[in-house]
Amino acid sequence: MNYTIFGESHGPAIGVTLTGVPAGIVLDLDEIDREMARRAPGQNAWSTARRESDRPEILSGFFDGKTTGSPLCAVISNTDTRSGDYSRTRDLARPGHADYPAFVRYSGCNDYRGGGHFSGRLTAPLVFAGAVAKQILAPRGVHIGAHISGIYGISDDVPEGWADLCAVASKEFPVLNDEKGAQMKDAIAQAREEQDSVGGSIECAVFGLPAGLGSPDFGENAEGIFSQYLFAVPAVKAVAFGAGTAFSLMRGSEANDPLYLDDDGSVKAEQNCAGGINGGITNGMPLVFEVTMRPTPSIARPQFTVDLARMENAVLELQGRHDPCVVPRAVPVIEAAAALAACQLMGI
Amino acid sequence: MNYTIFGESHGPAIGVTLTGVPAGIVLDLDEIDREMARRAPGQNAWSTARRESDRPEILSGFFDGKTTGSPLCAVISNTDTRSGDYSRTRDLARPGHADYPAFVRYSGCNDYRGGGHFSGRLTAPLVFAGAVAKQILAPRGVHIGAHISGIYGISDDVPEGWADLCAVASKEFPVLNDEKGAQMKDAIAQAREEQDSVGGSIECAVFGLPAGLGSPDFGENAEGIFSQYLFAVPAVKAVAFGAGTAFSLMRGSEANDPLYLDDDGSVKAEQNCAGGINGGITNGMPLVFEVTMRPTPSIARPQFTVDLARMENAVLELQGRHDPCVVPRAVPVIEAAAALAACQLMGI
Amino acid sequence: MNYTIFGESHGPAIGVTLTGVPAGIVLDLDEIDREMARRAPGQNAWSTARRESDRPEILSGFFDGKTTGSPLCAVISNTDTRSGDYSRTRDLARPGHADYPAFVRYSGCNDYRGGGHFSGRLTAPLVFAGAVAKQILAPRGVHIGAHISGIYGISDDVPEGWADLCAVASKEFPVLNDEKGAQMKDAIAQAREEQDSVGGSIECAVFGLPAGLGSPDFGENAEGIFSQYLFAVPAVKAVAFGAGTAFSLMRGSEANDPLYLDDDGSVKAEQNCAGGINGGITNGMPLVFEVTMRPTPSIARPQFTVDLARMENAVLELQGRHDPCVVPRAVPVIEAAAALAACQLMGI
Amino acid sequence: MNYTIFGESHGPAIGVTLTGVPAGIVLDLDEIDREMARRAPGQNAWSTARRESDRPEILSGFFDGKTTGSPLCAVISNTDTRSGDYSRTRDLARPGHADYPAFVRYSGCNDYRGGGHFSGRLTAPLVFAGAVAKQILAPRGVHIGAHISGIYGISDDVPEGWADLCAVASKEFPVLNDEKGAQMKDAIAQAREEQDSVGGSIECAVFGLPAGLGSPDFGENAEGIFSQYLFAVPAVKAVAFGAGTAFSLMRGSEANDPLYLDDDGSVKAEQNCAGGINGGITNGMPLVFEVTMRPTPSIARPQFTVDLARMENAVLELQGRHDPCVVPRAVPVIEAAAALAACQLMGI
């Protein structure tokens, strides 16, 4: 299964083409809508109208309620785009954004309106693709859960298992510990008030993957496969498996998971420091990873930058309201990336 | 350029096949030897003999001192392998190692002697491939440096530029601050004494990459490309770019790099929080990342595990001397992975 | 540049996603329309209405008249689809069609209406993609021409160069020798009258490719690359380069192209038996190949077949009017495949 | 499974790296030797010594008589290479050979001695890879057979099934009709006498492939996959499936294979015009194709060419004895390519 996301924030439509989808998968479109809603902006009572306009239309690869096995293309129309007046800011490279490298990469021809192909809106088709992937994985016993593990230094609790993370997914603010969640929301509100933004992290687990998937070799190892999907999510700057960066503080005697034979005859690890992967191959334990997401680069404060048309130093003052923290809405996006990675690992 | 590493620790030979090598690259074989020596075991006065036996023989793709453009295959003979008596431990899955997942993945047919294809020895051909890649990159103005950024919680200084990291590469113990280096060595010695091992981290920078390489899209983004090469290095469990996991503690106003026009007319970032990448595309600043490496899983302490032949719980006591910390010898390996990733990013 | 064609004959839309398109290519949409018209059914005075409905809508990757470098998706709505009554024939595998293998491949879930994803209609997005590719190639001096080289044993003349094939492209019935063309049309008309169809062949040349593209190695050789694009066109059953199958009748002294130095200092071949490729690498001469296309499998005559639902022998009588020969309309399709292949070969 | 062939005719060694080999395949090394012998030069009483020197040494991926699942590398030493004096001819591009395009492609750095990486000798590792692939396919019920279908216009009989083609494989001159074989040998001898060479064709069939493999889409269709492997064999200039180029002479009523239900409940085609493939997907019938091979370009007659060093016209007179027809020895090579293609199609 491969995916290609296309579209620009202010173009006619955004969407995704999925190839290699197995034939005969019954797609629950309402479930897909629910996944889309988790990522949609303004997740509250009055957001219904917006959600509907984000509903993807499946153009191909879907017939009689099932996937056909041919490429599946889904599009979401950009009905709501008022391009507005970009003349004042279009040449000012927004710090922390891809404006400058994209200007070089695309010879100044990329669609600059609303972030163009770099817009966070492009994660909507990714969530769609992930929702399809989840419906392929679920009948195979593979499930995915995630929570906000931290925002601006405030950490959520450590999940104990699938049940914990499953309950979290249906929450408006997906944390295990709501008290910590309240503190995180305060930190976000505070940042917004100060015309600023905050970063954070998401922890995600894939449950039910069998042992023996992946390989130590380049292009096939489980960590490499997952990381490629995860770094394709905007704002992700670090990916860590199992104990992650804490491994640098540990001894082998702590980091090595003692193995034992479980009652069902399977080999298990007592802890799961390895995050379900040894030597690039799944070991049958939950595949656990954490991603770090940078603070939203769109902030209202004046920022020093360069005018790319005149090639001179300039000051940028961004207008408009921006998400002061992308982490909460990114939880289903990370799950989607994990679902697609899990499909690749399983040879789907 | 693609690479395939082959071989097992106790088979006839290990090696690498490199395809897509540009034609006409003059290879400095002595320089390759020096790179190999940086990774070789026993880096001290009496290690010469060992080093020579590790010298790769180039079988193809190299003629009259230059690459031909056809696949380049180099092999290193395994002259030194005494397979010894594995009968006592071959069925006991070593905790922290890939023994159990490999047993499942390869139906029990993988070569178990000395770690087989999972052996750290397999990083030797990777260093060879990286040494070739470096000689392709250097004339294009791209250079790579790295240092041990931390071991068991002891942190090295932060490098200030290419000159710093270049000086480090020629050191026996590649740290900027030798005092910190001495503390790290103590931590390693202490772990060894206690039949244990320690983890750590390596920071690496690629200097001279032009702006505009990569893309936000899956399979093309700079972070995704680098991470795939880095996670293919044994023991790497986390990859972080620029400020990395610290982004989760930051505000946008801290994380956004103000841009300015440099005297030479180029656009620069004041800090380099983004690690040289925005939106998956290089921005012309040094590409900086840190990898976390788990503690060596081979420790002499008794460990609980499972006997995979009898499928029963067991206790493993490993014999032999193992590296109590792989981080120092992994520095050139990480550089090699970075060199190969840089080649892919540059379309070489 | 990669392309993915999606859609089913009677679904909401068909289309194509193109990735890796260079940024800044000015697209001449009228020229694209003309290419689409060459393939469109009913090429004559009253076909305008049909042609308009086939006009592709570009959803992404195109801004201010130029490609952006991000994925370009174009869709063509299926406005004209009356699914009709398939109940009588949907389980009867049409001989010569993919009905039976697709039934196995897609577990009976593929869209059977009007051929579904196998419909000849799916070549419309391919022509669109090819038209884009041609506009990338033309400024680089690479041009493509093709003609019907034979239908039901009647052979067209041998073209002498780019000028010949260029003139052919604008013809309603693309042959060099109109007398032979008239005979071919007669053969087609005769077949139609007898409720039958005929096969034929198309010869195509790519002019202006520089020498030195490709490699002898698997996955990189020029013939392998072209053939993969060409066999992806429905009904193509043979691909031959240069003298093609006639090589089996030749001696080396006939087949070897004597080389000489041209007035402009370039190395040329006296004939072009090799079809512009030696050892998998372009030699600077026009890249010439011929494809053989099987007769349209949809014929009105009663045919023996199997009912896949009841798994019993059956007789099929197809209704409706079918193209008695796909070759004429396939000329721009083959050119499109060649244009995409040429882009890959040139590293675009 | 992927293969990379490396080496040059006069370098230290040639070989192949195979990745993705399933673990646990018992390799019959004697059978591999027999396959190698079929391709070896001088197939007669006194060729034993030569054959032994061609024996591949497996360096990796093979342990205790079985594949390990890790990359398998095999090398064949070039013991017999007397580089001789190339000074007189090294700059004269041999007509029909890749000398000129390779000179451009590899900036004059390719190894010119004995054809270098373009040498027919490089088909030896391909036969090795194919022999491994055959041993993976055989237990899955997939077998491959081939015969010389024509040389210089003399055609062999049409095979009737697997038994016919199996018997052929063990012959010194693999034709069904030995009388025709004798005529072919005469044609070869005649050409040799006249310092010339002849072309021919090979027909190959893959028996036992299940229906439902492949897809109509680019990169996945059965014909495209096979053709990519086949065109990677030196001297192959045309690939045709089933009725092949004869389709252009046929009507749909002839070309359509009537389907029927076989006694064993499977769907069969009465003839096999489609060569086992409809719409890019296997239909359960034998997959049949024919390749055309150009006459050996190395002929002793004086030929006009260009001196690439001096860039002036020249006359080339090749010394040494060359194979006046590569077709007989290419039979196991084509089978090898087919075996590797079949593995890819089966997802191995």
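Just so it is clear, A, B, C and D label the chains in written order, and each chain counts residues from 1 on its own.
Everything that follows uses one rule, which is that a residue touches a chain if its C-beta (ideal position, glycine included) is under 8 Å from a C-beta of that chain, and two chains touch if they have at least 3 such contacts.
Since we're looking at a predicted model, the values are computed, not measured.
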item: Label of the chain whose CA centroid is most distant from the centroid of chain C; value: B
item: Of A-B and B-D, pair with higher C-beta contact tally; value: A-B
item: Centre-to-centre distance between chain C and chain B (centres being mean Cα positions), rounded to whole Å; value: 47
item: Mean-CA-position distance for chain B and chain A (Å); value: 27
item: Length of the line joining the C-alpha centres of chain B and chain D, rounded to whole Å; value: 39
item: Junction residues of chain A, two or more chains touched; value: 4-5, 19, 69-71, 105, 117, 217
item: Chain A to chain C touching residues, read off their complex; value: 4-8, 11-15, 17, 19, 23-24, 57-64, 66-73, 75, 105-111, 116-117
item: Residues of chain B defined as touching chain A within the complex; value: 3-5, 93, 95-102, 104-105, 117-118, 122, 150-153, 191, 196-201, 210-219, 221, 223-225, 227-229, 231-232, 234, 236-245, 247-261, 265, 267, 269-270, 274-275, 277-284, 292-299, 301, 303-306, 308, 311-313
item: Contact set on chain B toward chain C in their complex; value: 19, 69-71, 215, 217, 347
